[in-house]
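Heads up, the thing below is written out as structure tokens.
Per-chain numbering from 1; labels A, B, C, D and E assigned in written order.
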Amino acid sequence: MQQFEWIQIPYSLLTLFIVLNFGLLLNALMAKIAARVGRRRGIPIYQNYIDLIKNYGLRTSITHGIMFYLGPVFRLAGGVGLLLFVPTLYGSEMFSNLSFAGDLILALYFVFFGALGMALGAGESGHPHAAIGVSRGLSQMTMAELPFALAVFSVALQYDTLTISEIVKAQQGSLFHWTLFTNPLAVAAAMLSFLGSMMRPPFDVVLAPQEIPIGPPTEYHSSYLALMQTNRMIFPIAKIVIIMNLFFGGATNWPIFFAKVFLIYLFAVFVGVVFPRFRVEQSIRWFLIWAVPLGVLAIVLV
Amino acid sequence: MVSPLFIIAAPLGTAFFISLFSKEKQRLAFLITLAAMLLMSLVSLHWVFTYLTSGPVDYYTAGTLPPFSINFRMALPEACLILLINLTGLFSTLFLKNSLLRMGRLSMAVLLIDIMSLSGIVLTRDVFNLFVFLELMAISTGGLVLLSEDNRAPAAGLKYLIVSQLVTILLLIGIIFAYHATGTLNIDGLTVASLTHSTGGKLAFFLILIAVIAEVKPFPANGWALDIYESAHPSFSVIFSVASSSAVLFATAKILSIAGPEWLPIASNVGIITFLAANLFALSQTNDRRLLGYSSLGQSGLVLAIIGQQDILGDHYLYVAGGILLAHAVAKAGLFWMSGIIKGRELTDWTTIQGHPFLIFSFATFIALLIGLPPFPAFYAKWELIHSLAGAGRFPLLAMILLGTLLEVGYLFRWFGIILKRKPDGPGVLQKKRHRKRMVIAATTAVGWGMGYLWGTLSPLGHLFHATPLLFALSFLLLDWLPARIKNSLAIAGLVGYFALQYAGYNPMQLIFASVILIGGAVILLAGFDNTGRRIGFYPATVLMFAGLIQLIEARTSFDFFAAWEILTVGSYYLILRGKQSEPHALSYILFSLGGAFLILTGFSLAAQGGYQIELQMLGTVPQSVAPWVFLFLALGFMTKTAAIGLHIWLPGAHAEAETDVSPMVSGILLKAGLYGLMLLLMTMGKQQLYGVELTHMLLWIGALSALLGNLLAIFQEDAKRLLAYSSIGQMGYALFGLALMNHLGWLMAMMFVINHYIYKSMLFLSIGGVARRTGTKEMYRMGGLLKLMPLSFIAVLIGIIAVSGVPPLSGFGGRWIFYNAIMTSEYRLPIAVLFLAGPIAFLYLFRLIHTIFLGQLKDEHRRIQEAPFWLIVPQMIFVALLMGVALVPGVALRRVDHYIGQFFPNEGGGLNWSGMTISSDFGYWNPVAIMVVVGVMFATLLAWLLFVNRQAQVVKQFNIVYAAERPYRPETTHFAWNFYAPYRKALGFLTQPLVTRFWQTVTDLLHAASDLFRRIYTGNGQVYAIHLLAFVVMVYLYSKGL
Amino acid sequence: MKKELEKRTVTGPDGQTFEVEPLIDYYCEAHPTVQPPAYSKIIENLFNWARSESIWILGFGTGCGAIEMRPLMTPRFDAYRYGIQWRPTPRQANLLIISGYLSVKTLKRVIRSYEQMQSPKYVIGLGSCTINGGMYWDSYNTIKRLDDYLPVDLYIVGCMPRPEALLEGFNTLKRMIRAGNAEGANTYAANFDWYKTNQKRVIHDWDMPDYNW
Amino acid sequence: MVLVVLAAGFMLILLGLYGALIHRNILHMIVSFSVADTGVNLVLIAVGYMPGRTAPILDSNVSVADAVERIIDPVPQALVLTAIVIGVGVTALMLAYAYRLYQTKGTLDISKFTELKW
Amino acid sequence: MTKRIFVFGMLIGLGAIFIDLLLSYTPDSALNQTARYYAERTATDLGAANIVAAVIVTYRGLDTLGEVTVLFLTAAILVMVLYRDHGIGINKIPNRFLPPTGEMLGTGSRLLVPLILLMGVYLFANGHLTPGGGFQGGAIIASAVLLLLLTNPNQTFNLQLFSLTESISGIGFVVIGVLGMFFAGGFLDNRIFPIGQLGELFSAGAIPVIYTLIGLKVGAEFSSILVHLSEEKEES
């Protein structure tokens, strides 16, 4: 735990910048990988930059009201906040960001900040499909988050701390100090839960593109969409950073960081391209049957 | 001093005298009768004061000493009973005026003789003389039944005569053999001669006893009495129920005094079975007088049971028996008289007293008297009775008394609900312009309160009327004619003023609760300024609830605590009942609450170990043999108030149907009473094991399941207030869980919940209440798109749901953070898993709440509605500010509590470190200010950026949405709101099966079915009644053979 | 006019009655305006480049030509390579492809969808039917000249045109965008009345606001 | 001797009660109760009886001095008087009620007067 | 049938109690304390030769007052039952056909009634001396009324007189009782008058007075009961 210093602000912005660019490229890369599975070449690696610029550069936009306007702001603030409340690199003063504000619990609960804002914005659009999407998303999230929470708690119990840097510290030294090996049940539960939070198949019925045209963001466009895309680049990585820190030994420098994030992300993509889509109640049951017991075992056995 | 024989001679002389009058002088005869009654009442009042200090005095007849002549004995109990009998006679005479004049002077003579014979029963010390007076009573009863205009009355009279023939036979045989065995007829002589020591004497005694008990109308030999109650003139029913019952009960006590304590169980068992059976059968009654009749039978049974407990009651016997007997007497008199001014005979016909606040007040007084709610005599009496029973280990009796009382609560409060909430059939069914009768009812009510005062004075445990909060609350009864706004100001001033006076003396925990109750109550009361008019009945109930709450916090002894508990229960019941559709919910509220209260009573009585109260701080010193049971009962009792799962079914309806500003009170504040109790319990008693089961572990599970199921049920509600109500169940589950963790941070978390839940639930209920008032519906899917019309309400709800869900940066997060730190040291991990699931589910219903009301599509009919009334918004904005305050500087409220809790866990560190801005524990840290600033800055920056790139957005209207190349049809079909979480229901709906509701429903159905089935033994055939009596005698005989 | 769009009298919860006129109360009445390019030429060029490299198509098949678009998503043609993607909602799409003949009934929906897209937005007419009615030139319920109703940036001829032709069409559109010539949205706004007159001439039961935001 | 009278009294009571509880006709019941009352009175008297003694009246036969040895117990005699009178009163009353009930329904069957029940 | 068996069973139960009583019963061989007291003290204390009368009127005078009251009550209630203005649904019973009274009965009654009355008066006036007393005398007086009624069921009686007698003697009884509280040992003490010589007519203090009042009262009450039960006309 450290105290606030002004220098942390530029450092944090630097982290943000690095992660944003990494996210833009990583997402494109993942899209390309998915395309390769379909024997396509896929989008160019820089496509996300262009999409972003285009969306910021559209000339018109509409608004349904104040919450509609604020929704994407909530969303992105949630993503950026999640990233900044967690130390990115272990042992680095520079990249421990704003983690002095709170510990693991803060990060866990801040995940909902963006989701809530987004849901509210989508709600105000008045579009039933947005509401349906939110309903599905929230329903699925409640059950998907449960194994994750259990795994996190298991890890916290294991290391007897709620401070992320303490947890990472405990995993240093050897590959086999990683939680992955010391507490495999928790990691398994968390990784299954991770699949559910990535909005990729088989858990992407929330965004069913043609049935409820991509669900919650169906009314969003132009710069709103750009903000949300920005978040889309940051948020998964922020989430992966937590997973990496808790279960995979964290990262002490950027190359390791990039590699670990890539691999963890790849896991979700890998599952996504292989499996078809679940209905919401199916995914709830799936988590309840497969992931939750793992999590419960993890906290009981730790 | 006037000799008690006067009470025999005067009415007899008068009776003979007025029968001399000619028919034309009925009025004069009536006046003379009245004068005689008045004189007798005054004389008996004089006796009461005379014998207040002196001991019993014997009065002889025939110039010969007993046992050779008949003698009377006069002492304080006798004097009181005589007063009761004569006052009843006096008031009844007043009430009966028309009937008496119609029936003529002879009926007045019969009435006088009836009263005389009752006095005789009380006074005489000779068994045969007792028999004569009993016969006089029976015959005059048979005659007075005829005062009724009901054509069925003579049949009832005949049934009574048939039964009394049987009683006569038994009594005479008993008397003659008793005489044969001992050579005396004097009761004291029989005692001295130890009647029951010989075989024949035993049998003789049995016959006398059973005959006298038969007059007490024991189950099942009491059908005739019911028929009399149903058909007789109500005012005669008063005499029959109040005076006759009291007299024969006293006679029973006298007879029992002949024999040793080994005969007491007969009285106890007959009494308690009668009490239970009568109250059970009363459940399915729809006729008011018959219902009152059942209730009278039950009460007589209860007193009989108490008479059977005189061996353990000792000095308190008279206080207890008298308390219950007199309370019943006053209440039943009042109720029967009230039935005299109501024309219809169905319970629903009593709806005509709507609009007569005084009659409603009287009715409430009477049922409170009957049930034994504070501050009435039966409350003190039951408290001591239960304590004595527990002290003596007579648990089955204890349980049956409480169960019977609960049944009584059921039908009486159901009746009360019907009276207040049903629509009257038509106006004017109430008899008009009967000031004489109303005066009688008013006097009875006054007597009821007076007795409450008297019993408080006599009580060794404390005088409820000496508590300022209660008096303050009662004073609102007198001020009810003032406009609502003035009363509101007074109430607020009272709450705040009391806090200002008292806060210095509270410990930190008390301070938190007291602030929530008093200051919090005052804030919610601000919403009351919205009401114009007088709002009759609201303020007494509200302030009564607050009075009970604050007395609860201040209580030091179990007695004070329990009294406060019942006061707050009653106050809140009246509050809840005020809601539009709240009749059934208020009933289940009072049933669960009083059921819980009885459990608490049981717990306290166990803890008192034969004493009459226990210091709350001493709960920890209860011996290990009973401690787990004390813990169990108290915990269960408190959990009825926090609506733990299984005991929760009263809550949703009660909270949802209450008035707009009542919901926040009963949800935000009232629920805390249960938490306070639990906290107190855990602080003093700690962990307890019962049969090897750790009880706090059970509490953990209950807390976790409450949280889960409360939240789960909340997401499927269509009614916004119901949703919030279920959410309260979940939130209380969290708090309970925190307490049951039995560690420092767990308790701190519970305290945090106390504050947070108060703020956000009050705020949400007020906002939603305001919305519901404007839209005229509570169903969310009928709303939608209100954000633009009610922005302030929206802000309140938004802040509220962020806080409830625990999302940073608002105050709910603090609670979650403490929660995680608390469970780090918990021994039990499985319930935690359940609780983890509950967390995100809260998110579901909260989103639904805000989305379906404020977002989505605005409906046609809501296009012109306005923001909620100013006075509803004011407290909401205060709450928003409070939430922000608690979110930024939780230490202000919690630091001292943290320290205070620390003293209960001296061995573990566990506390939080509050130094600087960062709050840290052994495991983690948290900086509320930093979080707030970071989030705020990020949000502002991004918003600025969006405003820059998106500066000229076209504002569109609600149908300007992409609709698959079509356009919406109507707002109703475009608003996705109903059954919002359909997939969730498919997946987890099985968890929301109303099993608990079904369970309680089955219990009540079974009770009603049993009631309806078994009351059919009262076939109405006089012969069958006689057979019942015979069977009763034989059964008791067989039972007593076993003694 | 459809019944649900007619004026109706409503009673509020507090008992007051008032009129609701759906076309005014539920729909935005504003007309589109001509949107100027970014104030700086460099930025506008950058944006135009981005727009040309990130063309999001609204997935809306009006006629038989829709079947020619599916192959573009397959490995054989893989239009994603060129920054072309499909979006399910008009709000996020930039390009509306009228794929084949357009019946009057569909025209109504096409207009709505087009108007709900954000500018700059582009229209491609696919196949002969959009140019002159094609084989349905004398049909009673298809439109003959798409240009009368929507500002078409580009026609791709053929009946049907092959996917390759489509790809070529996209490339042409990209060049137009980069050159700043694809200003159909502004054309539509500038000649709004003319377009509306044409549209209302064929759509007799016009039951929507003039401009669907 | 006394036992026989007692037994007879008890038998009368039981017989009377049997009649009263079996016959539905109210008049029959009243008569049966009278029989039972008689039985009670018999029992009362019998209990006070002492063989070989005379009535408790002091006259030429029984002097004040030897009254204790000569007379039977006066108390049951007094009691039975009261019992008889009360019995008469109740019987009269029951008859009146029977009459009244017959007026309302034209029957004396007690099972017909069951409007009040449950 | 079930009812019969049930009643039978219950009566067997009651019978069992009685049998227990019977079996435990042992006749007294000597007077018990109360009876002994009465036997020894009545003559000296109260001056009554008839100990039963002394017990009834004085020692247990309160019972007797109650008894008288029972009769008063019965008479009063009878009036209320039979003569209250009946509500709807009351069927008037048609007048019975009454066969003419026989010659013997008519003549016999004329002869007997005065004798019976005399007998009654004798009985209650000498109640303190000989077997008999107020109740017996009253009943005998009423039997004269009964005889008259049997002779002529439509005979009218002066009910006012009955009622007057009844009330006045009732009041008298109470007054004498109360006087006992002031002038003697207690309520209903007979020694407000001199107890006189044992065996004399004017002895035993108030006992003969009370017995007379009782006799009158009981006679009037029984008579009025009889008359009321036989009559069907409205109250005079």
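Worth pointing out:
Going forward, a residue touches a chain if its C-beta (ideal position, glycine included) is under 8 Å from a C-beta of that chain, and two chains touch if they have at least 3 such contacts.
Small disclaimer: the values here were computed from a predicted structure and weren't measured.
Touch-path distance (fewest steps) from chain D to chain E is 1. For the pair chain A and chain D, chains touching both partners: B. Two chain pairs, A-C and B-C, are weighed by contacting C-beta pairs, with A-C ahead. On a Cα centroid basis, the chain most remote from chain E in this structure is C. Most remote from chain B, judged by the distance between CA-atom centroids, is C. Chain A and chain E have Cα centroids lying 106 Å from one another. Between the CA-based centres of chain A and chain B the separation comes to 53 Å, rounded to the whole angstrom.
Chain E has its Cα centroid 54 Å from the Cα centroid of chain B.
Remark: chain C and chain D have CA centroids separated by 112 Å (rounded to whole angstrom). Multi-chain contact residues of chain E, defined as those touching 2 or more other chains: 3, 7, 11, 14, 18, 21, 25, 28, 32, 34-35, 38, 59-60, 63, 66-67, 70, 73-74, 77, 81, 89. In chain D, the residues touching two or more other chains are 13, 17, 21, 47, 75, 82, 86, 89-90, 93, 97, 100, 104. Across the assembly, chain C contributes 28, 89, 91, 213 as residues in contact with two or more other chains.
Chain pairs that touch one another are A-B, A-C, B-C, B-D, B-E, D-E. Those residues of chain B that touch chain A in the shared complex are 785, 787-788, 798, 801-802, 805-808, 813, 816-817, 820-821, 823-824, 829-830, 832-833, 836-837, 839-841, 843-844, 847, 850-851, 855-857, 918, 920-921, 923-927, 930-931, 934-935, 938-939, 942-943, 945-946, 949-950, 952-956, 958-964, 974-977, 980-984, 986-988.
Residues of chain E that touch chain D in their complex: 3-4, 7-8, 11, 14-15, 18-19, 21-22, 25, 27-29, 31-32, 34-36, 38-40, 42-44, 49-52, 54-56, 59-60, 63-64, 66-67, 70-71, 73-74, 77-78, 81-82, 86, 89-93, 129-131, 133, 135, 198-199, 218, 222, 225, 228-229. Chain contact summary for the complex, chain C toward chain B: residues 4, 8, 10-14, 16, 18, 20, 22, 25-28, 30, 60, 89-91, 109-110, 112-113, 116, 208, 212-213.
Contact residues of chain A toward chain C in the complex are 35, 38-44, 47, 50-51, 53-54, 57-62, 209-210, 213-214, 218-222, 225.
Within the complex formed with chain C, the residues of chain B that make contact are 774-777, 860-865, 954-960, 962, 965-971.
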